[in-house]
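Listed next: structures, encoded as structure tokens.
In the two assemblies presented below, chain A is common to both, partnered first by chain B and then by chain C.
== the complex of A and B ==
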């Protein structure tokens, strides 16, 4: 305990300390770091990752993983424009069309998420394989729906979620904060949260203790699908276009990295949503620091890899001591 | 318990060969030239890269681990091989494979020394290898040398068979021998079944794990060499999603993701099955009855994977019950 003290506290508060150190470093070396523009650039790049990572945190808390989030983003991103542009069927007023589009897109991704959970709970299929199915098929579905074509649109009512502002704050950042706060509260203060952690801690013991394991697992994957759907809508709203080939590509890895760096136990049973937020921002600001100081993006990838390994290593050392 | 699970996966392994035979029979009956020389050769040539990557993945998964870095490793190796191909075919081949071994070495060291989960370790090295590939290539495809005979490794024929397919076949024979006839192969399965028990029995678990990740990296490197030779260029952004294709092929082949059991040849059948399904789609489009875009291939692959894993779960399920006898 005494010789591991520093490492223990590093493991526990490491992500936050690292983030603060990074911010201080940037104030010193990066020109124009403390500007609204810098904040906006980083926020728009990190918001969708955080939203997906919140769902991923819950999934990982149950001891699972969700590889399908990027493909579900593509499905939501493909489906919504098809509805509000009237490709599928025509709906009268714009606000109604946009509402229906958002609801259908999110309903679809939540259902597909529930399907993941059902495969895992009903057939005892490992999460990595079960979600691999939709990782492969999901993007294909989005591509088949749009025939691989770009859908371009200019619908301010819809794009509000990606480009709009309330009280000067980007709407997507507000959405992100709402999901983080709700998920953090649910994980810590509700029966559902307790059940999620119980399943991740010990699946069989949770069954014996009367936790409705199947239902909780299905709910968790449905939430992950729903949040992926929101992220998909935000991405296409920002781009004013939906490209099924690109929306959400590789985001599962960014989300998992954020969860890991944030201090959530990857084997399940212990999770922190706020940690995930800090983890995502840490990775984002490292990347920004390197880019703003002239380091190529490719080298930033190597650095990111080192950060992930170091963070998980510190976390494990902290747990053992 | 182990015995029963193994028998369940044996059924699944047997199933993949039957499914492959069924799909080939379907294609042969329905389409002209399906088993024509040109078609068979191009299927074998193109899928040899995936076969190499899947072989390494199969061994890693049998130990209960996973390697997400294989696609990025193949991309890195293709760049390195293309750069060294100007010094000769052997130089290109060696450099590419060594690059793969390098990533495998790092994976093994982090997983064994730092005891970080394979999933996270290889996720990180996937980023690092991808970044290195982009750095080395300056974000561009790197043309290979056409003078040194390097392209023969991907485009050539030997005894009427595509060279990359022969390379893959050789690797699978070696893999099968190692798994079934050596103590190392036994240890791979023992570690995957129960790592702690294997250690207590005094099996060299660390050494075998290290060798497996090293080999997986080397095979991914070899796949990268074939990639560069086949398409005439080192491709830093190729290989995305190869790791998941390989996992799918291994799972379709009946190897359990929990480790402890598996078959090298069933993995090969899994790779071929995924490849042949895509060819069937092309032929079906050629008949003109339907017109399915290339995008359908991932939908069909996904559905196929779904069918296989659900079937596997059902096969394994009755065996897990105490009464044992599989009904129905």
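== the complex of A and C ==
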């Protein structure tokens, strides 16, 4: 992507400037902020949110929302260990078992995402209601699959995606960057991306222009499910354990917040994946700043909420201007 | 009329921004009178009503209601003062009882609890006004639609109304439901209430209205007893034909339409969608502009939507190139080489957040792409070409379309379809809401395209446009195709005549 494209993607520079201001503030007040360790802590915590938020950006660009991402993370996180630990069936070599586990887990979450899209496109169910179905049922499914048990494992071949490094960079950060770059590019340069934005901008006009609205919506939710699956695998890989009660709990709100703070229009039609990346980092660093300076997590949540309100308020003003 | 009028509005003026919506309009409604208010789109009917019911404030003018000056700040206040408005749809809760529905939002309390007995009595008394004796405790959903509708009307009118406004009350009702509504109107009149009835269906007006006020361009142009004005007069007054008559060419369709270009590209027979389109037949010949004339609500747009696959027919046959044609969605029609420029640019035409280029390429884009990736270079060339050939005034292909004027937006949408090199282009009100200069340019363009072999179906409420532009005109009236005029038969009196009186199957092809 060219520089011009990057700048266009960032839209108004508000979110980016806010992030830079936060970083400067931290350098001044937070001890040991400029260390590799701080970077690593923040990076591991933000990666899964960004990956989920990339899918959420596409969903919101069509004027929808996906509440089921956290539950889909739990399903992927429960399914993969069951396969590579041989709970379901035994597969010979470890690398094969891990490959199958990842493919099956991601296939399942992508399909469940497509199911969300199908409900929305075929039956005209409001996205918030349609995805609420799996938001509630999905975590239940994950718990039933594992009998509510914690699955503990030590499989380096699998945990590479959460703990491994390439060129000294955490693997999940590389994955995150790939998804961000591809999604940002696809949104601008592919037929699919334009159709996503057209549907969010004016779905009736899109239908009359021959845009395959149902197909695009199903695809968007399938992508969101797929990315949630990846995030779920990363979380369990980091923890060396899968707890269906906890994996991805509450991440839908973090993802939506990142999208909103990043400058994507919550009503659809205008979206920026780069903005979402910036938004996720902003929220992450705010939380880190507060924690590192001794503010309890509960209070940090209030600040997070305030930031979201401020972002949406700015968006509304921008729209009117 | 000896009794003083219930409502008198005089010298009503209202501007929205720079647009004059009302320019000294007046309206007088007598006691116990059912008064028709008619006019074209944008004539000012709705604005008059919205000022009366407190949605808008008047700029100037005087309103007298029941002999006293009248001005309210909100619809609720208007209702309180005795003016009720009835909307098209039934907005009730089927699972709750009739009483609950009627008393929704105005529950009666005793000692802080709901006083069910009083509310049941209230509901019964209200319904008895409309000769409806039903068990008010039963859930609303178990009654027929007609009864439900009656209940909805009863709820809206309540006890205090002296004037009831019905704004196109029958547009979404079937014949039987409309019949119920007319009974209610007669009942109201018998009780001495007055009704303002807005509708485009002439037969309805003649069936139940006593007087009519005709508006045009924000002014009141005529007011008369229904029995004193014929349908033809009413329509021509509404369209303003007496003044503008025989003033030569009023549009940019300069040359008389070329000779018939040959066989039919498309034919439709006995089309029906069960509501707005009841029995429509027509044929479109290659390289010819065919016009659809008719009043609002005659079913012109709905017929075009059937052709384009935006809705599906219940009955009838369509043929394209001699083969059966049954598009299930717009994409099918587009694939068959049909384009559709909607009458409602804002709501279903433009994607406001997107650029001129993105909007123009929306339909063509999949064909321009390789492996799903948009070919930016080719796209830029095509867009630049259309911006030039259509004379679109914009800062460039990357300007947001919402920043353009109506006429330029319309040209972008035309470009969206022309880029596909269609065989058949449907233009629904192509020049509505755009300035005079752009209007002429678009008319010229359409004429040129037809001369180059494009088949055009043009729907227009501007009579000149259809009469001077089309080589063949089908007149629709209340969902029926009532006339098929070509060449020398396309004259204003003929078209008006068909719009007013046309019946039956004149147009079977």
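For the reader, a short list of remarks on this structure follows.
One rule holds in what follows: the second predicted complex is superposed on the first by the 310 of 321 C-alpha atoms of A that agree within 3 Å, B and C clash if a C-alpha of one lies under 4 Å from a C-alpha of the other, contacts with A are read in each partner's own complex, and residues count from 1 in each chain.
Assume contacts are C-beta pairs under 8 Å (C-beta built on N, C-alpha and C of every residue); 3 or more make two chains touch, one makes a residue touch a chain.
Just so it is clear, the structure is predicted and the values come from calculations on it, not from any experiment.
Judged by the touch definition given at the top, the superposed model places A:191 against chain C, while chain B stays out of reach. Contacts of A:141 after superposition: chain B is touched, whereas chain C is not reached. Once the two complexes are overlaid on the shared chain, A:295 sits clear of chain B and of chain C alike.
Once chain A of one complex is fitted onto chain A of the other, the partner contacts of A:208 are limited to chain C, with no touch recorded for chain B.
Chain A has more of its residues touched by B than by the other of chain B and chain C.
Shared-chain residue A:270: touches chain C; no touch with chain B. Of all residues in chain B, only 66, 110, 114-117, 119-121, 123-128, 130-135, 139, 240, 244, 247-248, 251, 257-258, 293, 295-303, 305-306, 309-310, 313-314, 317 touch chain A in the complex they form.
For chain A in complex with chain C, the touching residues are 189-192, 194-195, 197-198, 201-202, 204-212, 265, 269-270.
Across the complex, chain C meets chain A through its residues 308, 310, 329-331, 334-335, 340, 342, 347-354, 358, 361-363, 365-366, 369, 372-374, 376, 416. Those residues of chain A lying in contact with chain B across their complex are 65, 67, 119, 123-126, 128-130, 132-141, 143-144, 147-148, 250, 253, 256-257, 260, 266-267, 296-302, 304-306, 308-309, 312-313, 316.
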